[in-house]
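Please find the structures below.
Both complexes shown next keep chain A, but they swap its partner, so chain B is in the first and chain C is in the second.
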Partner chain A sequence: MSERTGTVRRLLRHPLGLVSAVVLAAIVLAVLLAPVLSPQDPNASSLRDAFGGPSAGHPLGFDSAGRDILTRLLYGGRNTLGGAVIALAVALLLGVPSGLLAGYYGGWFDSAANWVVNLVMALPAMVVLLASRAILGSTVWVLMVVLGFLVAPAFFRLVRGIVASVRNELYVDAAKVSGLRDPRIVARHVLLVVRAPIIIQVALVSGIAIGLQAGLEFLGVGSGDTPTWGAMLNEAFKNIQRAPSLMLWPGLALGLTSGALVLLAAALRDALEDRGTAPAGRRSRRRARTAAPAAPAAPAAPAAPRSADAGTPRTGTPRSADGTSPEAGERAELLSVRDLAVSYVLPGGGTREVVHGVDLDVRAGEIVGLVGESGSGKTQTAFSILGILPEGGRVCRGSVTVGGEEIVGMPERRHRALRGDVVAYVPQEPMSNLDPAFTVGSQLVEPMRHKLRISRAEAVRRALDLLDQVEIADPRRVFGSYPHEISGGMAQRVLIAGAMSCDPRLLVADEPTTALDVVVQAEVLGLLRRLQKERGLGVLLVTHNLGVVADLCDRVAVMREGRIVETGTAEQVLHAPRHPYTQKLLGAVLDGVPARGPWQPSNAEVV
Partner chain B sequence: MPGSMSADRTAGTPAGMSAGALLTVEDLRVSFPGKGWRAPRVEVLKGVSLDVRPGETLGLVGESGSGKTTIGRAILGLVPVHSGAITFAGERIDRATGRRRRELSRDIQVVFQDPYTSLNPSLTIGDTLSEPLLGQGYGAREARARVARLLERVELPADAAHRLPREFSGGQRQRVAIARALAIDPRLIVCDEPVSALDLTTQKTVLDLLLEIQEQTGVSYLFVSHDLSVIRFMSHRVAVIRHGEIVELGEAAEVTAGPRHPYTRALLLSAPVADVNGQRERREAFEREFRAREAGTGMGETVS
Partner chain C sequence: MLSFIARRTAAGAVLLFVISLLSYLLLSIPDVDVGRQLLGQGASQDLVDARNAALGLDRPVLAQYLDWLAHAVRGDFGTSWFSGENVTRAIANRLPVTLSLMVGVTLVTAVLSFLLGVWAGVRRGAIDRFVQVFAVVGYALPGFLVTLVIVLVFAVHLRWFPAIGYVGLTESFTGWLSTVTLPVAALSIGSVAGVSQQVRGSVIDVMRQDYVRTLRARGLPPWRIVFRHVLRNASAPALAVLGMQFVSMLGGAVLVEQIFGLPGIGSMTVNYTTRGDIPVIMALVMFSVIGVIVINLIVDILIGWLNPKARIA
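Our next item is the complex of A and B:
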């Protein structure tokens, strides 16, 4: 209920929505109140008044047959709008239920309905309407029923498409398991989803119906006696030489109505789909620039002690020397983060800080784990190091150096050069990070040709070599495969190969094994360990899995709510955690928990 | 060979088929139409047999694509059964009519994996929870009272009934899904990866809640997961499924501590533990056992 009123309020807050709704409401009201507003017979003519100008009781004057224009306009609106309502009703009655059935059940009905719909859509509407007038007679209402039949496929397709996707939602399955009948599921879960698009479509289709109807009558294909806006246009056109102003009123009425309907449809779409909000911030290039003035102003030295106690209070003793030791003030050459803060622009204006002063170091040949639960800010930290924060996010404070170079505020062009050359990235979802339209080989070769400026043949040779290095059994075959032809584990190896292609010194891996099965995960972890040893890579491994940390990491930083609460070697943190949060995390690990005992019939009910 | 070995184990041990089971699945086969015209059907389950006793948790562990979720969906009647039998409380339900299915929802319920898509985003929590009650013909007032009790049961605030799912965290939403499954006192709940989308700390509290509910109500769980440690924590017995076949089934302690089938061993040894030394041992054991003969067993991944 409240959601509904919210939609209406959003619609009326939209300036176009408000204006078009008011115009439409006025037109509909005027047309409905025609007998009150103008108590004359729309067909009463007095030839004496033909082409007469405005006079008392006849504010718009008379037409060629001496009929009152205002009266005809009001009654004509009844017929025009009424015709559109009939067309809509027929279209909705035919299109929506059949679309629901076809989308929800699929099967033979879906196939048959699709055939019919394709057939109807292939028919030229105008020709069918002209033909049906010849056969069925010339009343507006019959033509409108035929028109409704012709636009029904638009509703069918819309509803069918949406329902077919909703049908696979888990909550529909849950409703089935709850023992609900199909009509009830449709009413509760499906109609709710199709409602908004149908309302938008109604506004659009009624505009089309009014236009088509007016067009037909303008051509003289209508019933001569009933006043409609189209028929009025037709008559006015016959006398356009003598009284051009006769075109004005029906034209204006038609234009206003159709225009208001289209604008209302647009406003409805914004209101129902909640798109009206202003876009939050611009793309990364501008973001880098806006961040620039802030960066040099934040010196690293005073930042360090602040962030050291920024987290939840630790009990006294300073961090052991082999931790990240921000206290020491010494910054690692490869990657050093000091007092990093990331904030996002909120849709309603203002900003929200999600990372509050993070200190982190990764040295060459070292794997550092950044551990935390969802929303802890670990991925935001990794993204800021890579300079790929999503729209609306920016580094608002602190310093990040990679290979000794400050990257906060660095121009995007230099940063881009740094990515790939010095820093490489392995993402979480291997499949969505490969372009399905290109072969694996071309996705490896093109960046190398561009970045390293080497020949195609050389790049191909290197790509095959890389695929071999990431332990792919048949590099040539994978090279020529499309992403959908390889498994998730294979795709992750390909992405690791891509990350290695320009010989980076630092690898940022964001949950690189989360999407993989355990056996494959073990292999990919082994691969990362081998590459790190052979190449002396520094790795920042973002993960939520403490087992992965134990397997791979030299040092660990535990993040919570945008702050690092504990750092130390993997042994220290996993075996003797100091911060209560780390203790809580480790307490939730189920590794050491004994298996559940055998089932005992005594504590169970008897069947 | 894996096939013969699993047959031995299921037939030979007391952990196999048992009398007085609440749910029995025998030689279940499920297949889906292949992609493309006249393509052969893809067999997802190739003759699966298992049973669940009253008040028992049967853990079902396997990797993605192994068919573990399909077993649950077949029991719930969400996918058509090709052949085989599913018996619940002595009654064949694999070909149950729509009406019988709706009645069965009183006894068999589900908690899905993804707490974000298993709740309709535009219905309030109260509406979602009263759904199964309305399905069983409860009156609106009765349903409201019951919803309040359910929310209390899963430790959610009472005013949750009037709020929308988006106001809740993943763990809280999963509590709502559990409450929905409990709404009409079922005898069996199919838990399809109920905690795999949750954070570590949330995961533990949700599992504890499920265990507590089982102790109080004596409900049976068919608990599907890819995570062997979660399975071990939750299950009395464990079935390991691979490529649509059960390769090992036995008491949880046996299967998760001393697995006999090489695939179960691979699953166990490849799951990293949060202990630096323990993990090193585990890793070395994994490499010793599987790296050397990777080509032979096909345990490692190959291009499909």
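Our next item is the complex of A and C:
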């Protein structure tokens, strides 16, 4: 319950939420107190006063029949809002229980209910309401029941959707296992989840119901003299040439009420989303990747000196003897990163640094592993090199040269020219990195035509050749397939083919095998190694898997909390780790996992 | 593809049949003595009975329905009880008016919402805030209230356009344009608000997808990524919303045609339905539902074309 009061408080702190809540409350109160606020009869008319302006006791003046506008506005609100409440009640009564049943149990009831809902939604509400008047007479209250029936699908669909997705959640399973009966589970767990969306939907549907109700009244469907906002607008519209100002007050009342309802719904949604960001949702993984490196800001402070003393003294140690250590000062021609720092703009303003001064070199024909746990800044470093940092992120310090050219501060257009044909990228998740709307072939052909300025036929030929090179058995079939028609391993091969398509010199591979199963992993790694050898590529391999490092990499850089804590040849780092973090990483990963995994046979077959 | 259309058409036919049966039965509940209403209180009972028999109203409701159905499937919706008009012809005369509105609104909505939505979703910032405010306002205000304000400003005050009346497209193009502009504008505001919001949302979603990053990493220029890849992936949900807008557009047309005095299907609905003129009501309901079914079919085919995963073999 405290969670709920929290939401209410957040809602009231939201400026729009507060204003619309106050406006709504004022309107409802005024309408309820109509007899007190205005003791006149809403139908009392004196033709002498017709179109009369404001006067004492009649602050809003008179309408075309000489009736007091304020009085009619207040009583009209009763009918208009009352009608909407009836429609809403009917819609809730029909929509929510049926949605719960259909979502929770599925089966024939679900199918039947969906069929009915689709039928109702195919009916234009206004036509049905007008036709209903022929059957049910001109009593507006009865028509509002029909309206409730027509808007019930809004609740049914909402509730059914949420319940169906919640039904299979673990905590519902747990409740089932622990012997709770269905009605209790629904009451305790499921209703809790649908409550907030229903409240938002109530605000939206009330707005729609009020609009439709007023529309009906405006068409003159209502019964004679009953004052409603719609009927008042109708009367004003008839006199639009003579007294257009008559439209002002009922129009304002109607507009304010509907507007306040929609804004309230929007504010409610914001307030609930505010609350929803705290616990990890489904999208938290992506958010974690950009925001999480920022999280250990506090613990990073004590870690910093440690990594510094573990990192810098090594300059003089045997590590530099092999001449590969970046600290030696000379910069590799292919890729050289010095003191790279990446920062993100925070939602509340200000920035947060997530990569703090990384040094890294990759030479032609060399595979360098960038190792570290998730959130250590590996991917941010890789994205900086490619110039594809997500929104809000930027390189705030340091230097990155690719093929001898400085890319920090380089205009986007020139940097774009380097991507694809100097430096290429192999992503982590094969499936989500192919555009689902285009065939595999067209996704290979498009960048080649653009970057290499070759003809379509030539690009197609090259694409088929590439698919063959990445060991795809039936290149023609895969060329014409959509991404959802091929397997994950196949998709990763396609992405590797795409990366190779413009003959890059440097490949940045971000966990290229993490999303694949073991056998396929081995095949893809073998493929990467073969291509690297054949083409003399420099590769920056981002990974958390030390087994992969042991097999592929010439050199390794170990990254933690945005810093490189250890670099050296793969052999040195894996056999004689210096930094405690590397030791911990090795201890955690290599226990019981064969460094040369089951992929050796396929590797042999490849080479 | 063909079998998909065939299946959907069959499902649509079933839907039409069920709706027609229910409507006919429901409409027959109030026991209206049509003959008496037509001939007045002074007419003798014999004359009234004869009139009712001539209209076929002396038979059981189900027999009346089957008779109606047998004619309706051949496109003959009978004659209006009260005006004696041929219903099919009356609707055919009024259809161009309503179609002008619908086609106009759909075009305006599609073009404007995609422009605004893509612009807002890609650029963010000020234009994004504008689109969002516009969406809330456009959604919040009841359509006919917006229409009234438009009439007040552009027809009554500024006198740029006529407040009332319709000129056929075949008579005079400029005349048609001037009578149709305000109604189309009035109907478009709500649907542009709804659809542009959807386009904006899905553009933002798609821009965050991994494959967009990978396309950037391949060195493709941003405009090419937006117009080829983002737009295509963001269109499917937007089209679905556009399809749903069509249903509420039918209701909006009723009010807008009434306000602007347009002789379309919408104003016909107001004038005939309230009197319980079953042949006319039935025809109107059938036409609306057919419209909805056809639009949904078109939307589904387009979505399938845009999104291969949703494509039906």
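Observations, loosely collected:
We adopt the following convention: the second predicted complex is superposed on the first by the 427 of 607 C-alpha atoms of A that agree within 3 Å, B and C clash if a C-alpha of one lies under 4 Å from a C-alpha of the other, contacts with A are read in each partner's own complex, and residues count from 1 in each chain.
Throughout what follows, a residue touches a chain if its C-beta (ideal position, glycine included) is under 8 Å from a C-beta of that chain, and two chains touch if they have at least 3 such contacts.
Model, not experiment: these values are computed from the prediction.
After overlaying the two complexes on the shared chain, residue contacts for A:Gly365 are found with neither chain B nor chain C. When the two complexes are overlaid on their common chain A, residue A:Asp551 makes contact with chain B while staying clear of chain C. By the touch criterion stated above, A:Val519 is placed in contact with chain B alone, chain C being left untouched. After overlaying the two complexes on the shared chain, residue contacts for A:Ala588 are found with chain B alone; chain C is out of touch.
With both structures placed on the common chain, the touch criterion links A:Leu233 to chain C but leaves chain B unconnected. Look at A:His484: by the touch rule set out above, it reaches chain C but stays clear of chain B.
When the two structures are aligned on the shared chain, A:Gly106 is found in touch with neither chain B nor chain C. Once the two complexes are laid over each other on the shared chain, residue contacts for A:Gly392 go to neither chain B nor chain C. Taken in their complex, chain B has these residues touching chain A: 20, 22, 53-57, 63-64, 76-78, 89-90, 101-106, 108-110, 112-114, 117-120, 122-123, 127-128, 131-132, 134-136, 170, 177, 180, 183, 199-204, 207, 215, 218, 226, 228-230, 232-237, 251-253, 256-257, 266-267, 269-276, 278-279, 283, 286-287, 299-304. Taken together, the chain A residues at the contact with chain B in this complex read 3, 169-171, 173-181, 184, 188-189, 192-193, 373-374, 473-474, 477-478, 481, 485-490, 517-523, 525-526, 544-551, 570-571, 574-575, 584-599, 601, 603-607. Residues of chain A touching chain C in their complex: 118-119, 121-128, 130-131, 133-135, 137, 207, 210-212, 214-215, 218-219, 221, 233, 237, 240-241, 244, 247, 251, 254-255, 258-259, 261-263, 266, 286, 386, 388, 390, 416-421, 424-425, 427, 429, 432-438, 446-447, 450-451, 482, 484, 495, 498, 501-502. Listing the residues of chain C that touch chain A in their complex gives 15, 18-19, 23, 26-27, 29-30, 136-137, 139-145, 148-149, 151-152, 156-157, 163, 208-211, 213-221, 224, 228-229, 232-233, 247-248, 250-252, 254-255, 258-259, 269-270, 273-277, 281, 284-285, 288-289, 292-293, 296, 306-309.
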